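What follows is a group of structures, each given as structure tokens.
Here come two complexes built around subunit A, the first alongside subunit B, the second alongside subunit C.
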Partner chain A sequence: MKISKTLKTWLGIALFLVILLALLFAAQRLLMPKYMSGIPEGALPAEYYRETTDHDVIFVGDCEVYENFSPMTLWEEYGITSYIRGGPEQLIWQSYYTLEDTLRHETPKVVVFNVLSMSLGEPQSEAYNRMNLDGLRLSSTKLDAVRASMTEDETLLSYLFPLLRFHSRWSELSKDDFKYFFKTDPVAHNGYLMRIDVKPKTQLPSKPVLDDYTLPAIGFEYLDKMQALCKDNGIQLILIKSPSEYPYWYEEWDAQVAAWAEQNEVPYLNMLLLSDEIGIDMQTDTYDGGMHLNLSGAEKLSTWFGAYLTENYALEDHRSDPVYADVYAAKKAAYDAEIADQQRQIDEYGKLIDIERANGN
Partner chain B sequence: MKKPFLHTVSLMMAAMLLLGTLLLSGCSNNSSAEESGSTSESSLTSGTDVVFVDPSQVRPDYGKLGFESNGFTFGIYDTMDDIIAGIGDPNGTFEAASCAYQGNDYFYYYSGFELMANDFDGVQRLTHITVIDDTVSTPQGITIGMAAIDFTASSISFTDEGNGKFTHQEGSCIMQVIIKNDKVSAIEYYPAK
Partner chain C sequence: MSFTSPIFLVFVAVLVLLRYLLPKRFAWILILIANLIFYAFAGWYGLIFITFTTLSAWVLSRAMDRNLSTQNQYLADHKKEMPREERKAYKESMKKKRRLMLTLGLVLNFGILFALKYLNFLTANLNLFLPETAKIGAMSLWLPMGISFYTFQTMGYMIDVYRGKYPAEKNFFKLATFTSFFPLLVQGPITRFDDLSKTLYSPEDFSRKRFSFGLQRILWGYFKKMVIADRIFPAVAALTASPDVYNGSFVFFAILFYAIQLYADFSGGIDITIGIAQLLGITVKENFNRPFFSKNTAEYWRRWHITLGEWFKDYLFYPISVSSGMLKLSRTIRQKTGDRFGKKLPVYVASFVIWLVTGLWHGAGWNFIVWGLLNAIVIIGSEELAPLYAKFHARFPKLKPTTPYKIFEMLRTSFLMCSFHILDCYKSVPAYFKAWFSMFTVPNLSKAFGAGGGLMHLGLTLADYAVVLLGVLTMLLVSLKQRSGSVREAIWQKNSALLRYAIIGAMVLVILIFGAYGIGYDSAQFIYNQF
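And then the complex of A and B:
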């Protein structure tokens, strides 16, 4: 059958567009940061979508959740399934939209939000925005998150088409960009970034005196939204202040959050005040002098928190469920493998050499 | 004889080449990458606002807002090597990594005051001075605990920012004083944004 010239032209155009899109997609894939070494935090948002089973507990918030809680401990000791959808300097509106994104995939029974980010009322930096948002799947939720987060110089278009932002990385491509072109490796354990090294707390910087201790109103607006979102979905919200001792969490801020929590009948746990009960020892349980917990600290905190969750919420023990048991057996193997690898590095080099090298040391 | 199909294809190839060239030549209007000079992972994810300052533009110009210790005057954006050589070793140090473990803040503790530094192209420069107690005073004679009325008589003029916060700027350095309960409760120096 003879194909008309017009049809040939249109087929040519279609073919051109397909090839163009494929090339642009490939270029974008190559040029976007992979976050496989140096800054694994950037890989956290997208890693969630690999999960094959649901979670009864979802954590949202900043590094004080993804460095301080171990979902594996919650599983092993209580059969609680959980995931930490945290991000570096995750702002409260990003926590809200990350939760909204999570609810597109599952409905947990409990959501835990770390309140430190309530001290920030404005977009902070493109770098942290990218790490919290680029990995989210495209949806109206992601677009809302981007609009709420953009700094002055950022554009929505650059989040829809990241190639517009990362095109100049072509001169800085590394082996990782090619190695992880098709697929990245997992960096976390149900959203928990593990560190087993120890750096005891010595002297923290002095506590700055502020001219104004009023928490930004936008924080409470999004807290209201988070509460409403949880209520609409039959989810129970818990507010926490993780036991990280720096940056400082002022008593004045604590009082404001406690007042909101009381008014809205939402539990609020300031774990800084419960450190003794939890058993946190900042001489052994931190890898950076008191800012974040190491594995020892995270497991202690998770043991305590798991008991709290079990006593106060009707959470199912899934350990006898063969589907979950199989999935978590594989997760446990990966968890133990990372502990062994980090221990080997410390035994051989006295430090986590992979992290040192990735940071250019 | 004209071959419109091949002509169309060749036009499309030229368009693709042009588009690719435009994309790779940096037509984006996003200035964060340009400010930092790079879109590498490390520069993109540097944790503090200070790091987004063009290192080539960073130079000490604090004028009257120098701080003094051990007879040595120093100020914002001076190198830590020079400062430590001038005032002596600190009593202690602390390093605060950002959540992404980039853009560390380096703290140096001295009697009565505390210094914070950040990296600019591999050189640590002073980015914050915090006066801790009343054992030190600024060159203007301002001390922690000083009565507000005595502060207002200082030799440099301050702008009232409200909420008890007063600032004075010289070059790219800001000196901030906070008054609470009619007394000076905080004295800090930091770069203007």
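And then the complex of A and C:
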């Protein structure tokens, strides 16, 4: 069959465009940060899509969820399936859109939101935006999240084509960028970022006096939206303030959140006030002097919170379900392996040497 | 809508698509609409000014045209009965009217340009001589985009009509398409009506070759602008912001880096302009001809910003040098001092005037005035020293044709011209001269390459310098290849679509990856956009 010259030209152009797009995609893949070491938080949003089973409980929020709760403990002790869709300095609108994104894939029974980000009413930093948003799958939800989060210099286009943002990384490519070109490794355990080392609380920075303790209105707007979204999907929303002592959570803020919760009949647990009941000891249960919990603290908190969930909500114990049991057996093995690996580093070097090396120390 | 913004690329892509989908006779209307959209993006306010300029040029040119037709008709009708003297007087009176119309147009439009661009500079300098109570406050004046470019282009058109070079354009909207042709608004080239109108009103049909050339030209422009100019920009800014710190050898690097930035930025922008026009089927005049290969200053200015130089030559230099006043002065001088100086006087005076105006055209500042005058001094100085050069070369006849000597001439000319270009960057003229002379008095080359405060502390990493170096080498290679003809033509002659696609694809990748844009880069607008 003889192909006409015009058709040949168009085929040539089409082939050229396909190859060019493939090369651009490859360049983008290579240049985008992999977050495999140093700052693994950036890998959290995308890791969710690896899940093969659904979850009864979804956590959204900042580091006070992904460092303070252990879904593996909830599983082992109560048979609760849970996932933490947290991100570094995840702003409330990012929590809302992350939840919306989650509901595209599953409908949990309970959603837990950590309220610390209620104190932030404006986009904060491009780096944190990137870590919270780049990993989300492309959808109208992601675009809404980007629009709500962008700082002054950011563009929507650069979230659609991250090559436009990360092109300059060509001069700082590391072996990780090539090693994880095709596939990254999991960094968390159902969204939980584990640290087993201990750094007792000594002295926290002095608590600043604020000019105005009114929480930004936008936080309540998104809280309303989150509540409506949960209601529409038959989900129980629970507000928590994780027991991390720093950054400070002011009583005035607490009162405003409590008032909203009461008005909307949403449970609100300020775990800072429940630390003794939970059994948190900031001499043994934190790895950074009181800001985040370590594994010991996260497991204690999860044990307590699992009991609360079981008592108050009819959450099914999935431990006898073979589908979940198989999946969680593998997860448990990975969990234990990381504990063992971190313990080995501490035994050998007195510290988590991999993290130090990744951070260039 | 910056040339480097994604929205601009979409704008051009849609325009090009529509250009070939619509019948050719509507092309100029489409382009006029595109011009308006492009201009409106810079602020609706600017449309008032460009419309006024176009309208005044249209009305007055048409009036001049009618005046000339009336004159010719009258003379034809009264050919027999009118004595020669009467005919001459009639022609003179009609010409006077046309001159009045032209003057009105020039005064109005250059007046606007002067008021918006130079008034604050003038009052600031006047204030130096006024008592505190009489000082004039600075005005908040907004400069419409491309005002220097479209004013010069449109006034060139009016002068040509006055001179009878071509008839005035009857259709106002067609004239507006010419005065506001959007690719030229950012930084020229300053085109002539008779050059541009041929293809502006009746663009070329689609051809694969033209399209491919246009695309390659655009990409080449973006490569120069985004990969080279914008990457070296932070170093230039840092070096010239603190002349007391960055003196001595650093000034040499400032001159070198700014030469790279300015050439890559300006010629890159022109490449994009010409490439876009090519995609639309329109031919735009070249503005550069490998200027750094020039062997003397006069040649350099025939190869750098060609269209501005030609504009000044045609509309300012010749009128001044052959004006009756100048010729009278020349005669008087010749009678008193002899032929040599008397003959040259009109040329020298005209040179001084055009370089002063060229300096001012670039901006309202003493830096630009001094820049213009330095150029005039060098050009006139070269002219005066020409006999000495001739004697030297007569004594060493074998030297001039040698390659090392040619290279020496090119380097000498480039260094001199780039030494003047850097005046754009320093805050004041004294700071510039102090910095420039420090090259010969402050020996600190080791500091430039040293660990503390050297070239590695100017906002560029070693990798950045490597990219700039490779970019400059690529420009050099292309320039060397251009000596034997068009590079794109050579590629086309290979008759390989694969090669062309590979080149285009590689350029896209290189620009996207190695371009200095986005967060983390203080990407500059086109330098000539400010002028």
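One rule holds for everything that comes next: the second predicted complex is superposed on the first by the 361 of 361 C-alpha atoms of A that agree within 3 Å, B and C clash if a C-alpha of one lies under 4 Å from a C-alpha of the other, contacts with A are read in each partner's own complex, and residues count from 1 in each chain.
Heads up, the rule we're going with is that a residue touches a chain if its C-beta (ideal position, glycine included) is under 8 Å from a C-beta of that chain, and two chains touch if they have at least 3 such contacts.
Since the structure is predicted, the reported quantities are computational estimates derived from the model, not experimental observations.
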Exercise. Determine, under the contact definition given at the top, whether A:P88 touches first (subunit B), second (subunit C), both, or neither.
Key: first
Quiz item: Is A:T52 in contact with subunit B, with subunit C, with both, or with neither (first, second, both, neither)?
Solution: neither
Quiz item: Which holds for A:S4: it touches subunit B only (first), subunit C only (second), both, or neither?
Solution: neither
Quiz item: Is A:Q263 in contact with subunit B, with subunit C, with both, or with neither (first, second, both, neither)?
Solution: neither
Exercise. Determine, under the contact definition given at the top, whether A:E126 touches first (subunit B), second (subunit C), both, or neither.
Key: both
Practice problem: Would you sort A:S320 into first (subunit B), second (subunit C), both or neither based on which partner it touches? | Solution: neither
Quiz item: In the superposed model, does subunit B or subunit C contact more residues of subunit A?
Solution: B
Quiz item: Common interface residues of subunit A with subunit B and subunit C?
Solution: 9, 12, 16, 19-20, 23, 27, 126, 153-155, 158, 163-165, 167-168, 170
Quiz item: Across the complex, what residues on subunit B touch subunit A?
Solution: 4-5, 8-9, 12, 16, 19-20, 23-24, 26, 28-33, 38-42, 44-47, 49, 52, 92, 94-102, 107, 109, 114, 116, 130, 132, 161-165, 178, 180, 185-186, 188
Self-check item: Complex contact set, residues of subunit C against subunit A
Solution: 6, 208, 461, 463-464, 497, 501, 504-505, 508-509, 512-521
Practice problem: Within their complex, state which residues of subunit A touch subunit C. | Solution: 9, 12, 16, 19-20, 23-24, 27, 31, 126, 153-155, 157-158, 163-165, 167-168, 170-171
Quiz item: How about subunit A: which of its residues touch subunit B in the complex?
Solution: 5, 8-9, 12-13, 16, 19-20, 23, 27, 33, 35, 38-39, 41-42, 62-63, 88-89, 124-128, 130-131, 151, 153-155, 158, 163-170, 172, 202-206, 208-212, 246, 288-289, 291, 355, 359-360
